[in-house]
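Both complexes below contain chain A, partnered by chain B and then by chain C.
Up next, the complex of A and B:
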């Protein structure tokens, strides 16, 4: 009896998990399929799932109209750059908060997180003016800096929860053996934290890759990443779904593949510290 | 920035200093078909002006508007040529954000620009933007459905006729709806249509002292007419339909009539995307015999922001893109039907264009019958047919549009929607200092 209950439960859970998975993945699949339709078929009602004339015209048109490779390179530079700089700042910060907390550490963490609660558009004009005066408008350097700053609270929080899981005793033992602070962080803490750092890195690359407010508003022709590439294909006048889908597919493909290969780290990083 | 890209940056600086004379223009534009064609024809411009290089920033209208507004308000100077609409030009020119265009060249022929369009771009006698393409709105209808119902569309129909025809054609069982109109909330969506329609009912947004007029009988008549007509003869879910949704409905043969931008004519008459390409007829936007038709007037224009350091080169580009020669260039490459419409009188006198574009006369008549400086039956303090050219209008127009969209969806009565619109408009206008 008991075994039958667990078996039905197992089945139910599997079915629910698949259903949710398909539901979440469906928009991406739909985008992918639409990118091979003609504009007319893309809006046809009822829509056809697979039985349409597959065409590569949209991809050809997108290739012809914009420089995908330039936008792609910008996206890679900005997202990797901001994540790496963020980690260099965040690892010591999270170390200090996890292992040498003071009375105010909790407040400090909350305060950092609170900066994420402000709508970005509220500081658009001041940031724009600073960028104008420092010549950072439409530069990859400027975007890297701004994305580092907005993602820093999340990086620190993730690393902090991860470091909290590491027993202080190990660090103490290292100290007993006469390890300096530098050695303690680089040779003892970091190797143990590699999975956590890896998942933080991945998640932040994805966040930076998808960031669409600052990357659209602070760029023009030179530093525009893939978000701007997508934004040039929707249109209030005329049908555009098929071309937009082609552009979106090209824009999300690299990050989707990266996500696929690093699923394990991602899930581990996100759920780490959830069970205590 | 990595070391490598730093090196690359230095190299490119070195290379650029080698061509110290070559100026690079950064042009911001919307991604409508005519602009994308302009982008593809850039080589013709750079061949004639070898000392100028051109870089494009092509974006969706709303994204572009936000970005360009931020840049111009902060004098960021990222762009040398802007693509802006007739709504922005008078506001920005008054703010001193645009450079008057007085170096367009001797053979530019300013007088050839359509007077209705030109008047909206001229402030204190100076031209602040050159029209790239202009559009109005008109009725597109299905000749076959009209024949079947025994109706004949006049060239200049009245609202009563349109309403009667729409109800007669409607066959909900077969998914044929007499009329498709915009319902999606937004100052450039349903309010463009409804403001222009209200003009033909004798309504106006503000009286001479900037007092909101939604409590007047003309607005009530216009909105009641619209809501009832859409209830009887419109498609389901019309309160979320904008230009693209109606285009899809009309092209798949579900609308008897569609009143919208003249630019739609080139889409619905294209057999590649439209099932009804051979059955489409055109007529002027309807009226009520009050002397104003329910059509709007819009133009996408090219202007030079005050922050640009390359004004001369920018004006050279604008002169090229809005010239008669450009029209001929497009005609030679893609045919006369694809020439950007609605800017020059000479285009409409061209017999080849008349032959290639069956909707040409209707477009011209529609544009000429709209006057942005006198848009309404009663006098108003503002410029603009389907908008009010004040900075506050984007916000107010969208908020009022949400009320009217709710009335169309049946979530609110017409009276409640008008009362809410009156209250919110009065509040915003008082706050902005128009009402003392």
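Up next, the complex of A and C:
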């Protein structure tokens, strides 16, 4: 029995909800629009919403002056690298815990999650000194290692919640039908595990892309990903709104689009399967 | 069906993760504890001396430390209140029948994907700037004095910026939970004559309990160590008005080169996080088992 909704009510809800939604989205929209203005128009009062001379100069200048593309590649390398290495370590662990749980599995999972609770500042000093002495400071390798370690508990948890939903009966049935171990893995397990692994990959790339404690503290010019690159606009260049906007738009656009596709996985993944 | 053999294989599969996480926990933390008992300045290498608890007594009696603890808690509590109350209201609204719900969801979730440094700089310059910010323009056009957010209410400014980033997250999770609410249960209550307020308190709220718990847990982990937003907006200032514990330790280590003092501060931060974590883990352990 579907509830009857009056047309007026539906329109009223639509208008209110869209007004609030646009308000929440507005800073992003404004940044996007400002990136096409000249510096003069960007600070003009009253500001113009759409009626200005659209220009691509800011994008050109950001790329020329500060080599946006290099920082973009750093972000890609670090976020993708740390996620893939994390997955290689985590898949067997999550697999074993999901399919051969022991009495201690639950405690082990909780302990792994608790390592996430350790504040980064608690280990900032030694990590910084170790990195300085081993030449890992301002290197993509060093940052990839750190991000792998801080993401590992979440990757394991996410994979665990996905793997747990694979019915073990199917495995047993395959075995009874005389499937070899190879066939079991390739034709039965892998197709069921791939969606979970893909979701985990997507979500962790997003988290790693936006990580902004270690990336700010452990990089300088060479290995700085986009988070640190944007931080260099904090002053006084931040006062050039149009260029700040162009740099910001380029830094968030790729991950924003990825994020839109990952809404469902985001909820599942970040709540460890508690909310679906 | 787990034989001795497969159990051994299972252990072998879990081992790399456990070893890595264990080392990651123990080695740097051990070093931080060791450094916290040293007089150790980065600019004077080779002059480290054992000082016992001097760093701790210095750090704990520093007025900035007390301010930082209060600010840390204010950020966590302030953002939690805004995002959970706002998130519930928004989720209830978005759950109603309307046009273009899918696109609207995308708009609302977007700020969560904006990296902290971009969010902070955009808000700082283009919205909160007292001369050329959009908020100042709105205030001026309504005949008010423009408010200098980052100079006069820096902590509030940071709470607003961080809440803007986390409100979408809370909304999305609460909305997902809301949509799994059994429609028949709601209708049954409606037919029994339960009004909207009654239905919200006795049916919707209990159903959302678990989702709210999860939102609190996850946000607290991230909110205890808000850093980038402070670094690029106020640098902890004016004075120490917007310094939280994470920023204080960073400043002590990498701006004042005081490794010993910063390490002591880091250990205090770890202890504080552990106290919070114990409560949270108990809470989530309970709700997740249910």
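Operating definition for what follows: the second predicted complex is superposed on the first by the 190 of 276 C-alpha atoms of A that agree within 3 Å, B and C clash if a C-alpha of one lies under 4 Å from a C-alpha of the other, contacts with A are read in each partner's own complex, and residues count from 1 in each chain.
Keep in mind that, in the parts below, a contact is a pair of C-beta atoms (placed from the backbone, for glycine too) under 8 Å apart; a residue touches a chain by one contact, two chains touch by 3 or more.
The structure presented is a predicted model; accordingly, all values stated were derived computationally and were not measured.
Of the two partner chains, chain B is the only one touched by A:40; chain C is not. Legend: residue contacts after superposition of the two complexes on their common chain; A:70 is shown touching neither chain B nor chain C. Of the two partners chain B and chain C, it is C that touches the larger number of chain A residues. Looking at the shared chain after the overlay, A:123 reaches chain C, while chain B stays out of its contact range. Looking at the shared chain after the overlay, A:179 reaches neither chain B nor chain C.
By the document's definition of touching, neither partner reaches A:109: not chain B, not chain C.
Shared-chain residue A:216: touches chain B and chain C both. Of the two partner chains, chain B is the only one touched by A:138; chain C is not. In the superposition on chain A, no contact is made by A:207 with either chain B or chain C. Looking at the shared chain after the overlay, A:239 reaches both chain B and chain C.
Residues 43, 45, 124-125, 128-129, 216-217, 228, 231, 233-234, 238-239 of chain A touch chain B in one complex and chain C in the other. Partner chain A is touched in their complex by these residues of chain B: 1-2, 5, 26, 28, 30-33, 36, 39, 55-63, 66-67, 70-71, 73-79, 188, 242-244, 247-248, 251-252, 261, 263, 267, 272-273. Contact residues on chain A toward chain C in their complex (touch as defined above): 1, 3, 5, 10-11, 13-14, 16-18, 20-22, 24-25, 27-28, 30-31, 34, 43, 45-47, 89-90, 92-93, 95-97, 100, 102, 108, 110, 112-130, 149, 152-153, 156, 172, 206, 209-210, 212-213, 216-217, 226-228, 230-231, 233-234, 238-239, 241, 244-245, 248, 251-252, 255-256, 258-260, 263, 266-267, 270-272, 274-276. Note for the complex: chain A touches chain B at residues 38-40, 43-45, 65-66, 77, 81, 124-125, 128-129, 132, 137-138, 140-141, 144, 216-217, 220-222, 224, 228, 231-240. On the side of chain C, the complex with chain A involves touching residues 1-2, 6-7, 9-11, 13-14, 16-18, 20-21, 24-25, 27-29, 31-32, 35, 90, 93-94, 96-100, 104-119, 121-127, 132, 134, 137, 140-141, 164, 167-169, 172-173, 176-177, 180, 187, 210-211, 214, 218, 221, 224-225, 227-228, 231-233, 245-246, 249-250, 253-254, 259, 262-263, 265-267, 269-270, 272-274, 276-277, 280-281, 285, 287-288.
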